[in-house]
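Think of it as A, B, C, D and E in the order they're written, each chain with its own count starting at 1.
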């Protein structure tokens, strides 16, 4: 028994290489920082970049296979691998951001850079685990790992009141939601006697269950997920934290932890609450289990999320806060992909995440650069900016246009596929809400563009130079945003083949 | 809702669940009402405890295996970790604001 | 001479003036003498050509000659067949005659203008426009289909617009031009609707094919009548028939030769020509309508003319009344007579205008000499006794006046007499006795006011001695046309016998077209009845024949009376005009103010249109944009109540949505109060709500 | 036919993009190069359009048959070899012209060329011309795209450049106008997007290459009922969803046309935009709405078209009369012209609603003619505004003597606008009415009253501007200069030529038009529906 | 009424009563000490559910760790000695409403549901089983937990330590 378990363990470890690499990297980061931190300030960053590179190498090798490891605690499949790509990419980009972030340079944070990168990596590790875990306990653990890392990151600039306030709100809010989630888990455990989502599904189908308890459990768990993906009405922390946290962290949270939350949510719903015995007419559609209308719940959350996010965003004059609300709205869009309960929706969701990665990070980066040059995130400082730094102006415009979802940008393709999913599933009302929302969103995105180009600079008129690094980073984000906007075949292919989850069609 | 009066005799699963439910609610009450950040943390601890009671009770009565216990252990561990972080953050808040009353800490809004 | 040559000539006649126009409009100022000679020469050229065409047609070709070409082709169209529009030229006796009339008058006016417009600021432009007009007019004459008819119809409208507004520095001039165009547009609107009916039901514009189609019964009943009347609406506009006659008097703002050419001789007669062209498709009801319109017009205009004091206004109203005459005669079935009157009237009315022109010219210069720039050179109350100073003008003017009053030995006598005969017969047969009655009454009125004009202008003592000193006879270039026109207004031009209209070449060569209307829609007395002598003649022809002599006598009587009264009043002063006027003051003022037509229209149609258009604008700005913008008041109130909100960006449709979204945004935003525990309450609350929503 | 191995349509569409790149590369202080590059590029575009015209085959119909299209370029653009549960996704790069698009292509090339000359004096030339050329590509693409997705891309690509062109180079209220334009159009196009996706899922064709079932955005495929999958949202005829889709599309296009009551963006946009952009807006952009209806709404939703033909005709009537009346009350020259545009586009709508050869031919001719005429009008306004810096109609008078050449041109344009025979405007209006009358007697008659009102405000404007006494402040207004003449005279020539001899234009389109009319009416009648219920 | 039942009710009353004190006491110190009793009560309940190991862990970690931590927190963030440490409460009204709602719902559901209630296993000593499970099935969570603790540790230090 023991040696048999040993073999099993070896197998598991083989397929666990990316996570192991990450873990080792974060250990290295902290150690090397202790040793060389004085001399090479950014050693942590370089180490983590290398580590991420290695991780991505292993991840690429993993792509396509589906394994279940560590005694059905964790799976490796295309779905999780796709998300891992996203986490790696965003972590990579964020670290590059952080290398130039004035917030980290000019505050006490500069003395804690090693730990900063350590936390970035630990968050990424948590996200990896979230993407792959198929056991409620594992889900809870990895969620907590992500949360704890992000609490600290949010409050990373200790002396800044905004930052620490953000972290405090975050921790209280997060702790409560994870508490609710845990209670939900406990109910499910009681109902099915299982923690593994496949087993849960099996027992739900085999032996009867009380839909009421299941409903409570689901809603309580949604509180947990909803808080991670900041879906209305669990979104309240988002604007405050996003505004308070250092901008690099905000950008990171807006992509990585959101994506992780979605990865976990979708896997959980799809694995536990569908009826695999029934076959549906449409290819790639799932049958929902009896008595639990979770698609409706998600649909309502989605509509609420995008609408609320957009209409509040209209009011924001602080760019960071505006982007926070816009990220809420985007969570709403992405949820549309879940509503349809079809693989098409999931592929659309994956596609959108890729788009969202580039355009959102791009927008945040532009805000960061501007904040660095002008010292403010207020929309006022953007007046005439398009003439003071034309390149950034144009790039920012393109990112915003992409966020609005106007061709020929990647954002449009993402939206196109989300709406396609909805219409294919005949959920027209939500599609209409969606498109109207994207019109509404134009108001506040275009507001920035207007200030940049249609207004003349008031205080400063002198042009602002961008360093080559800035330009390079922007290009890295800009080129995909445009290229995939006109030629998205391969990406769509990737996204569609990445919906394959372990043990599911 | 009809409740069989026999419940007051032989204590069973439901009793523990009810206790945990009450603890849960009290926890939420604490989280919502108490101004002091630390009290809020206490409330959260109550919630976690209630969840734990569920796990243990279920694993005794419903599933009959030990899994619940393990979950409980991990929950306790995480509770500790969370508490540590939370307290640290609260201390930091205290450094910056010289108060730990959450409602006075609302610079970030709207 | 072959047919194609004939066609070729007529096309040339058509195009020469156009060439002149293009030449002058582009290079006018650089040409010698600003190109007036060139233009005149070209028109004379087309005059000669049209004479050639005329005689050839009359003598060699009894049948109409038509030349078609395919203009556009829509290809093969579902349930229509091959849809195409063919245009072309139709030369029959009618158009040939008209061709001559137009070119003659036109060239004479050209020549006259050389003198009259001598030192005008836009001399070349003036001649260019004249050329353009001649071209368009000839187009109307020569066309063989409704489409091009409409096209040239509008084009003459434009040229008249340009010429009326020739002195556009004067507001009155540009106003008159505008008025003329728009009023005409109203008529043309009807004309176009008529064309639409014809096209929709007969699938062709060509006159011949249209008539053939009607004969096959493709278009009949009320729709046919409607089509007829609607087409006639064009005539109402152009020929200034009641109720659209108001533009013509104002049109006198243009240079006098223009009035002579366009607003007396040719263009306004185009309406009559159109009615004659489409005569075959007119049903009985349509004809009655036409007859009454004509009669009413004739009467109204005549009554107004009595009271006018502006020499050109008098002539203008007489023109309207004469046009009413023609229309009436067409309506009452005297087809040939109507057209005949058109021809004769063209000559003497042009003459009258040119004569008045020469008077005005003289007056103008005289007034200029005495540095009097306030007196109106056109007001007959300042004239008188000009007979001695400008004899040529006077005697020619006299001949015209006799002609228009229908005194024997003049062309007017012949045509007018047969018109009245026609009216007489019509009244007798159809029972519409009002028509002949008005006819005769107006004959008298005409004689009266024309002689009033003549007397006041030329006879008696000059009213302004000082001016009178400087009056001179106009130069040759102006008097020669007068003489020619005077000759043209005599009987022998048309026929040997001054008392028998039927002996004239007009009556010989121009025949009433056979009606294609279904018999039940014709007057029964127009249906051919077999009489003993082989020829199929209608009851109407019979009555007409019998009506000649009485009509002649009666009309002579009326004219005589009119002239008598004129002399009694203005020459010998036996009757005091003032007394009469005072006696019937209300009537007098009513007539003096032209029956208040202008005021009526100004206060109804014009006002309404402007009102509606203002409303439309207001509606756009306030209501639609208001709905869109969210009305200003609310917006202000709102932005006041919620503090600063960037209305620049979220504006527009934008505003309504923004207004709504903004509202919700504001409400929802209030929830975001920065207190984490409040958030938590919401969350827990939401959880409970969600639960209970999905429980049921 | 190809140039350097690349299809001519690709050239004509993407030439401006190349020029744009060149423009962006031009170093600072070399503004003149930028101008020349753009003018030359657009000029070449015109030449290419002429080449197309010369090689155009008049006997091909197009509309719904691939072989009926000319200069076709059809490549797989996006081809997602599918996963089991979701067939293949095929988006084609599919260009081609037929009788509907050919006139529009010529028009676009011409107007863009003239516009680029007219833009000569504008500041910030680099940004301006870059955006201008991008806009050019967008418009040209819309008219030649035969793949709905491609069409949509081009459609949307125009938005942003237009927003900037109005917003940066516009008049005092430019921001408002720009955003209004942007929001309106986006609102319309998102509706279009939904319909497009719905169609995409409803239709599927057999891939000739692999023989498998393929979803496609190919418009021609969407026009064929056989390609609709049973049970799909838009399958069948006369279903509620199809009607809803038709209306959604209609609104999407109506906003561009614009049809009352979606028109209020137009006066603002036109008035605020700089002259060349107003020219582009009125000359080309408005046509895209009506073109979209002819190219997409009618053939794909013939049932919806027939069901809502009567309301459409009524809307056309409202446009004509309402626009004319509103124009009459304006005191700003440019605003007046803007409203006259609304009125004139009403003729197009009426003609299309008639759905017979003459009506549709008239409509397309009106699209072309209005393009040229209104371009002239806006240029004319521009000429005056550049000199006087005001557009108040009440402030002028007696210009006829001051600026005779200008007066001459204006008279041509004005008379063309009021539909004077012999000028192109008349022909199209006449055909529209003749066509409409066969279907809707009374609507046609009522609409014809618009002609009178038009005459009213045109002549009134002429009088205000040119007649009467010249105010002293304008004593030294220079007459129209050479560059402006270069922009105006070609248009004037076209207007006159087409007014006298419209056959070239008609022959260009009538095969296609006949085909379209037959196709739509037969398709619709298949569902037992026919047009022409007299109101 | 067996001894088991008696014990249960006793512990339940202790737990809930002290919990009520926790949430309602005005003085933080009181609530802190009430929390102590709650934890003990819960531990007792664990023993009733024969989860001996968990009970011990509860006592060790909660009482020995978390509670001490909390009290430290209280000490560090309130001036204990000069003024009595009071904390006000806010929006009690809504709080009572939602708490009542939740409690009612949960209790109701708990009592109404027919739970999968078959076993009544009596473990003697769960420690060994837990150990085995921990090393086999729950190996991954175990490792992850260690990472979580590491992160927490580091984070706490980062945030709490004084900047020099």
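Everything below uses one rule, namely that contacts are C-beta pairs under 8 Å (C-beta built on N, C-alpha and C of every residue); 3 or more make two chains touch, one makes a residue touch a chain.
What you see is a predicted model, and the numbers here were worked out from it, not measured in a lab.
Path length between chain A and chain D in the touching-chain graph (shortest route): 1. Common partners of chain A and chain E, by the touch rule above, are B, C.
By number of C-beta pairs in contact, A-B leads when A-B and A-C are compared. Among the other chains, C has the CA centre that is most remote from the centre of chain B. Ranked by how close its C-alpha mean sits to the mean of all protein C-alpha atoms, the top chain is D. The chain with its C-alpha centre at the largest distance from the centre of chain E is C. Chain D has its Cα centroid 38 Å from the Cα centroid of chain C. Chain centres here are Cα averages; for chain C and chain E they lie 104 Å apart. Rounded to whole angstrom, the centroid-to-centroid distance between chain B and chain C, based on C-alpha atoms, equals 98 Å.
Each chain gets one centre point, the mean of its Cα atoms, and the points for chain B and chain D are 66 Å apart.
Within chain E, residues 90-91, 94-95, 98, 102, 105-106, 112, 115-116, 138, 141, 145, 148, 151-152, 155, 159 each touch two or more of the remaining chains. In chain C, 648-650, 654, 657, 669, 672, 674, 676-677, 680-681, 684, 691 are the positions where the chain touches two or more neighbouring chains simultaneously. Listed for chain A are residues 137, 141, 144, 148, 151-152, 155, 158-159, 167-169, 172, 176, 180, 190, 193, 212, 216, 239-240, 315, 439, 443, 446, 450, each touching two or more other chains. Which chains touch which is summed up as A-B, A-C, A-D, A-E, B-C, B-E, C-D, C-E. The touching residues of chain C, counted against chain B in their complex, run 669-670, 672-677, 680-681, 684.
Put simply, chain B touches chain C in their complex at residues 28, 31-33, 40, 102-103, 105-110.
Across the interface of their complex, chain E is touched by residues 677-678, 681, 684-685, 688, 691 of chain C. Every residue of chain C that touches chain D in the complex is listed here, in rising order: 25, 71-78, 80, 83, 147, 150-155, 158, 161, 165, 168-169, 171, 173-175, 177-178, 181-182, 185-186, 189, 192-193, 195-197, 199-200, 609-610, 612-617, 619-620, 624-625, 628, 648-654, 657.
Residues 5, 9, 12, 23, 30, 70-71, 73-74, 108, 111-112, 115, 118-119, 122, 125, 129, 135, 137-138, 141-142, 144-145, 148-149, 151-152, 155-156, 158-159, 167, 190-191, 193, 207, 210, 212-213, 216 of chain A are the ones touching chain E in the complex.
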